[in-house]
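Quick heads-up: structures coming right below.
In what follows, subunit A forms one complex with subunit B and a second complex with subunit C.
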Partner chain A sequence: MAFVPVALLQTYSEVPMFVVRFLVRRLLQGALIVFLVSALIFTLLRVVPGDPVRLMAGGMAPEALIEKIALEMGLRDPIYQQFGRYIGGVAQGDLGQSFVRPANGAAVGGASFDDNTRAARAEVWDLIAQTAPMTLQLALLAMVFALIVAIPIGVAGGLRPGKWPDRLALYLSSVFISLPNFWLGIVLALLLSVKLNLLPAIGYNGFAYTILPALVLSVEIAPFIIRTLTVSVANVMGQNFIDIAAVRGLTRNQIIFRHALKNSAIPLLNLLGVQFSMLLGGVLVIEFIFDYPGLGRLTINAVMQRDFPLIQGIAIVTAAAFVLINIVVDLCATAIDPRLDY
Partner chain B sequence: MALDNLRTAEALLSVRDLTVKAETDGTSRTILDGISFDLNPRQILSVIGESGSGKTVLARTLASWLPPPLRVTGGSVHFRGEDLIADPKFAKSLSGREIAYIGGNPAGALDPTMIVGAQLVEKLRAVRPDISKSDAHDKAIALLGAVKIPAPERRFHEYPFQYSGGMMQRAMIVDALISDPALLIADNITQPLDVTVAAQILKLMRELNSEFSTAILFICSSLPVACEAADEVMVLHEGKVVERQVPGELIARPQHAYTKDLIRELPTLWAEGKSEEAAPATRKQQAIMSVHGVAKHYETHGKSGRALVQAVRNVEFDVFPGDNFGIVGESGCGKSSLMRLLTGLERPDAGTIHFKGENVGQATPKRLRQLRRKFQLVLQDPYGSLPPQSSIGSILEEPLIIHKIGNRAERRERARAIMAEVGLPNNIYDRLPTGLSAGQRQRLNVGRAMILEPELLIMDETLSALDQTEQAKLLELFQRLQEEHGFTYIFISHDLTMVRQVCSRIAVMYLGETVEVAPNERLFFDPGHPYSRALLSAAPTLEKRRYSPEDCLLEGEPPSPIDLPKGCAFANRCPHAFDRCRMENPSLVLRGDHALAACFLND
Partner chain C sequence: MRSTNMEKDKMDRRKFLGYGVAAGATFGAARINPDFFFSSAYAQDARPLMCLSAENITGNWDPMAHTTLSQFNIEGFVMGFLTRHPMMPEKPDEVVYELATSIEQIDATHLEIKLREGVTFHDGEPFTAKDVKATFEYGAQPERSRQVYPGMADSFEVTTPDDYTVLIDTTKGGYGAGMFIFLASYLPIMSAKDIEGGPNGPLSQRLNGTGPFRFVEQRGNDTVMEAFEGYYRGAPSVPGVTYAFVGDATTRMLSLLNGQADVIERLEPEQVETLEKEPDIKLNRAVSVENKYLWFRCSKPPFDNPLLRKAACHAIDRDLINQIMGTAGEPSSNFVSPIKFGYIDLENYPEYDPEECQRLLAEAGYPKGEGLPELEYITSVGFYPKTKEYGEVITALLQEQGFPVKLNVMEVAAWNERLYDRPGGGPGHMIDCGWTSASPEPDLVLRTHFHSSSKRICGIVDPEIDAALDAERDAPSLEARKESLQTNLMPLLAEKVPAYSLFTSVLMHGLRADVEGLFIYPDGTMDAASTTIG
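For the complex of A and B:
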């Protein structure tokens, strides 16, 4: 007599299955996205004017030599052939070699055309593998700083909408968001490094060098976190199950920490995913100002040197990181709220 | 009983001169005005009154849950001899433990991100920290079983969104009873539920009351429900207790004028002397709307993959000119999906819908728009269905503009005429609909629908957001308009008493199917389908029931439209089901006098 809807039974027993299916689907989608990104970048880079061989060989190299190098490197083949070759390599984990950078040292773009070190040009993968962890470290630290500041302020604002904590959250976000990062970077470097001599500012020679750029970045992203939290906490606190929890006999602490915060975490999680992707994708200005040896600085140099394989490699790696971060965020969100369905 | 009443010293709850006021910006409005009553242990006391009479404020005062502008300004509430008003801290410590509260909105009552069981355990351990986790777990499962939730072990681990409305209300009853409270405040708990589910919940409340010896304050707005639920009924009117009696006495000898009105205005289902509906429409005429074998399904994507929701299946009926055709059924039976098909908002996957001989389901969008001049829709929600930024005049004139009828002056004249006809004051032409009451908004909706002079009006739960008095006024209006303009109405509703009053023919829907189509009298006196009987048995009424719920309905809920059983969809709740019902699905069969039913029992 007891009727048991079959659909519920399935949902219940298939949770691990659902995760596997989710991962397979999302990874396939991600592969497609990465492929499209590389195709786009590849084509665009080949279409823009300027011959990279001229840059590599140097301004003084004879035309015949340039043609010879270009032919050797396959740069005169049709774009789809070049792309096919390239993507074949990518599939095997080979992102190609830098046009400009030698494996053993500093960039030598524009050196003499008979420079024999060119034979040992740097692997793009190695260049990225050296710099990406630095950016990851910077991004994580910035995120931690931002969360430390934003969570108490945002939650307090959301718990008392319209009262002073809410207004504090709003004013503080407005101030933070109106500070230009290059200006803040310079001011903080002047204040903390030059005047007070607390933190190192330029270059990288140990963990301490990450703190200052991370502080600047955290000021940039904290307002978004504060705002999102204030809105979502206030929204959750207005919901029926929170309202009624007190009558059910739960204490205020239980209501806030076990129910309200958990329910308001999902908008925050989505935001953090986007912010983190942006941080990884290149904190160009900050890394440039602090001469921080991360992906951002590598990107700037690669663009200025017209180092096509390097630009492509960075684009592919960051696209893949975007995809992975999004998958992780969505998986966490479903773990928090089982109603969500991606 | 009488003895108990004398010994008021032993009353569990003793309320004296309780006054609650709403205080905003210096002005003060009295919501509860000197309420006094006693509630004994194990007693069930119903509190009834119209909206605004202060029922919910009373419930929330007793639960120490009064929202800010409201404040207790006088009187006392003694619970086991202790004054809760004088000691709010003590009162708070009782809530959830000794005084439990169940609200009318089970859907949002629990945290959607946590399994139901964990929340029951959490609540029990919050009010009684001495109980161990495993004891609390066992108790929750035992109680889930006691409120007749099937497979409680498994349901314990499910999330709130996996519960239906009725299941969720049962879970909330468990949540309230799990701490063995002495007093349970049930605030409108059956109001959002379907009648058959509400009847089961009421039955359950009475059983639990005798089993757990909890006193219950049962607050509701329907007199029949209140009488059914309680040992005594207390009538609240404008913040005052106007009378308190046992149900039989209250109905037989109401003392206060308000109670008398309430009982007199209550529509009846079976009472004799019901005016025979205007001569049933002639069957020789062509049907104005003719629906045959209509089906519609929707695809959903769930975690277990794609699923097909069969919202509408096998719907069959004819509506003749001048008819008042009713479509009744509980939530999820496909009424609203059917409405979307009838009005051409969506196209059926199978079957045909003919409006005056023309197939609505296959008409071109352009032709459909022309056809819509002749059939119009009036929606349920008086608030969401009107654009808040347009003036009342322009809302009324918009259909004329869409169909390019008349010039500006003519349209204005027409709108004013319609306003007079549906009973809206002339001077609000330029105003926004913001200030209108729900009843006035529905008048405006009707006016907007009839400005195109349609022949068929489809009313989708048009009256269900209105109170009894307002409903009666609008029904009068509908009747007058019908006499003047010769409209045909299709009423889509869950409310049997309303359908009984107005409709000449009625179709009963269950899980997307029309299980019975019959003239009004026939359906109420000789229903041909067990589900129709079950609906009648559960309908809230003060009359002597022709059908008793015990004989008509088994415990349980409708199957999900995603996983329909092979045979008759009602078989799992039908007391008469036999083997054939579980194998094949019966189709509508004529049983004389234009009455059709889909049940093998009629063979």
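For the complex of A and C:
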């Protein structure tokens, strides 16, 4: 047994360097990913039909004025020049100004062509900073709801493979995954808000307004967690060290909670990371249905209004969040299982 | 043991994560509103009237800088008008005097308006004749989009012999001063002080009126207004109005059903059926001042040819469209709504007639549609009810007669971008749109769209139509004007059809049953001065 402490000491003495190396490598990779996403979104936005200047200036604006504004804003320059300017700004923390939204954040349409409120256009960063915490709150609550439902069902299914808890987990997962989220959102709003008057459903005026959309989102995520847990718990429970644990005199609860669940957590953790990132994109429909003032609703309006800087800003922030979440997930995984090396 | 002690001082992965989780939890806890745990989300007493809109605003509060319905509705709460025309079918000529106490036509080109005393703007400035003068003159500036008739600011003169009398002289323009009678219910009266600041001044930053509610702020998609204690008819009963843009029709309906919203607009016919069965909901149905049109791009081929436009009209069976619209549409046969001044069912209005369509196609040089280029018909989804559904019917009917039509269905912002005329013709060849204005004045539609000085969507330039429009505008009396409209201009438009009016919209609003005393005008604006909730 003497070799074990030595190995551990070696591992721990390398930890800070490992964390630094890991973070530097992954952050550099992440920056590259964000750059590529920005370039892709930037180019795509400029090749799709729809002139944002006409939306900014209003439908009645003369063509000459449209061209004048477009030239002033550099929107008639080659795409690579526009991108160069844009990414230069991003590097300095400037995501630009929304084409159409005023500083108060309202969703707006075209005004007259001499609209002079352009100076009061909202900063993209401000719009994202106002809405991202709302989406984060929604996504976190959805994740909590999903875990509350999925852990007991998934673990029970994994502990009795082939028996009724396993089948229940499968059937429930199948039902949950088959429910379209827009339909479920409307049905739950009708049931819990209109009929039972338990929860508010539309807009946001306090934490209670997050519950219903989070419930809908959690139904979307829960099946993945249930299936992952069922499979990984069943897998762990079939391994030798679990049998040996019983011989060592551990109770069943000790085996499950101290050994089986901990070892099943790695695949779950990876899944949660991916699911959380997916949630940031998956809130589009839910936020629109519930009129929830988060990134999803902001994105839909930005797309509909051809608000290029806002769409680009959201894409960059979402890509960066995706990268960061995955770094955190990988760090968590190595903390749980030191054998893992990323 | 040395290494073990060092281990305590070092940041390991577990500690790193532990601190991370603690920081996250601290941040998350700060976002939770503790009130949620102690008070019900529904526990509210005197609360503002919550109205949900189907359309966004423009981001510029200058009432003369837009033609956006949702912003008209907000102005309806905040701004004051000289008169209001309820335009109810049973009393179409009713005039309600608000900031004006009387409007008298002295002779063909002179009008006298007497004003109410003791009225103040929300910023505390007293309302006087100079505000009316400034509003009329500012609204008639060539670069403003709201007021397009009866003529620009150099065609009339406004004088103010005292603080509460306004005289209008239209001698310079050569048209009747009676034109300003209907304008009185359309133009919101702005403060002369605000107007002095010009389009770059306070006008664009906030609303300042004499109406029952004071503009407080724009909070995201919510326009927040509060009751104006100094309102000349007495402070409103509700503490305020919140007017919010909610893009999805189902979301608006759910909000009404669960009591979060008090009023929602633009109900779809299916929603009407659902809401009719709900005991807590009541419906408001009003034939509106809005007609829905199929606009032809008249400034470019092939619809620069009136024969072809008329052929297209004869290909369209409006009975089918009215069936699709159900409760949301009302048949009409003119270019303005039946509740507008001068409306008449036109005898020569083009009706479904395939034979006549073929005859006109041949006469235009396109027998059975041969030789016609592919025609793009642009419509929108998300704002007007059933546009896609009846757009598909119109497309099929036109194709049946040989018009090679392709329907292009767009979301509202993209459609809006393509709506107006441009040099060389607007995008596509036909486009769907409605037009409304809170006044019986027909020229707010006819002159706006069919005079060569405005031609907003269709882009038509036709000296005969210009002459007919000028003739009715210049008529010496309302009776003479009505005759000119009904016997000259409107039949001429039915011959040249720069746009084809499909039907008159019926505005369907859903209201909570406990909302009393809310009056909804035929353009969708509301008077909530006497409204109570519960």
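Keep this in mind: the second predicted complex is superposed on the first by the 325 of 342 C-alpha atoms of A that agree within 3 Å, B and C clash if a C-alpha of one lies under 4 Å from a C-alpha of the other, contacts with A are read in each partner's own complex, and residues count from 1 in each chain.
The criterion applied here is as follows: contacts are C-beta pairs under 8 Å (C-beta built on N, C-alpha and C of every residue); 3 or more make two chains touch, one makes a residue touch a chain.
Computed from a predicted structure; not experimentally measured.
K.L.:
Looking at the overlay, what does A:G249 touch: subunit B (first), subunit C (second), both, or neither?
P.N.:
In the superposition, A:G249 contacts subunit B only.
K.L.:
In the overlay, answer first, second, both or neither for which of subunit B and subunit C A:A208 touches.
P.N.:
Once the two structures are laid over each other on A, A:A208 reaches subunit C alone.
K.L.:
Kindly classify A:R258 by the partners it touches after superposition: subunit B alone (first), subunit C alone (second), both, or neither?
P.N.:
first
K.L.:
Based on the superposed arrangement, let me know which partner A:V100 touches: subunit B (first), subunit C (second), both, or neither?
P.N.:
second
K.L.:
Among the partners subunit B and subunit C, which is in contact with a greater number of residues of subunit A?
P.N.:
Partner with more touched residues of subunit A: C.
K.L.:
Name the contact category of A:V194: first (subunit B only), second (subunit C only), both, or neither.
P.N.:
It touches subunit C, and subunit B stays clear.
K.L.:
I'd like to know which partner A:N240 touches here: subunit B for first, subunit C for second, both or neither.
P.N.:
first
K.L.:
Starting from the residues of subunit A touching subunit B, keep only those that also touch subunit C in the other complex, and list them.
P.N.:
In subunit A, residues 12, 15, 18, 338 are touched by subunit B and also by subunit C.
K.L.:
Within their complex, state which residues of subunit A touch subunit B.
P.N.:
1-8, 10-12, 14-15, 18, 239-241, 244-251, 254, 258-259, 262-263, 336-339, 341
K.L.:
List the residues on subunit C that touch subunit A in their complex, please.
P.N.:
3-4, 6-7, 10-14, 16-17, 20, 28, 31-33, 35-36, 41-42, 55-60, 65-66, 68, 143-145, 199-200, 204-205, 217-221, 223, 244-248, 250-251, 254-255, 257-261, 411-414, 416-420, 422-423, 456
K.L.:
Can you tell me which positions in subunit A touch subunit C when the two form their complex?
P.N.:
9, 12-13, 15-16, 18-19, 50-51, 54-55, 59-60, 62-63, 100-102, 104-112, 114-117, 120, 133, 137, 140, 186, 189-190, 193-194, 197, 199-203, 205-209, 288-291, 293, 300-301, 304-306, 328, 331-332, 334-335, 338
K.L.:
For a test of understanding, state which residues of subunit B touch subunit A in their complex under the given definition.
P.N.:
Result: residues 63-65, 95-97, 100-101, 103, 105, 107-114, 122-123, 126-127, 150-151, 154, 157-159, 161-162, 175, 179, 301-304, 307, 554-557, 559-560, 562-563, 572 of subunit B touch subunit A.
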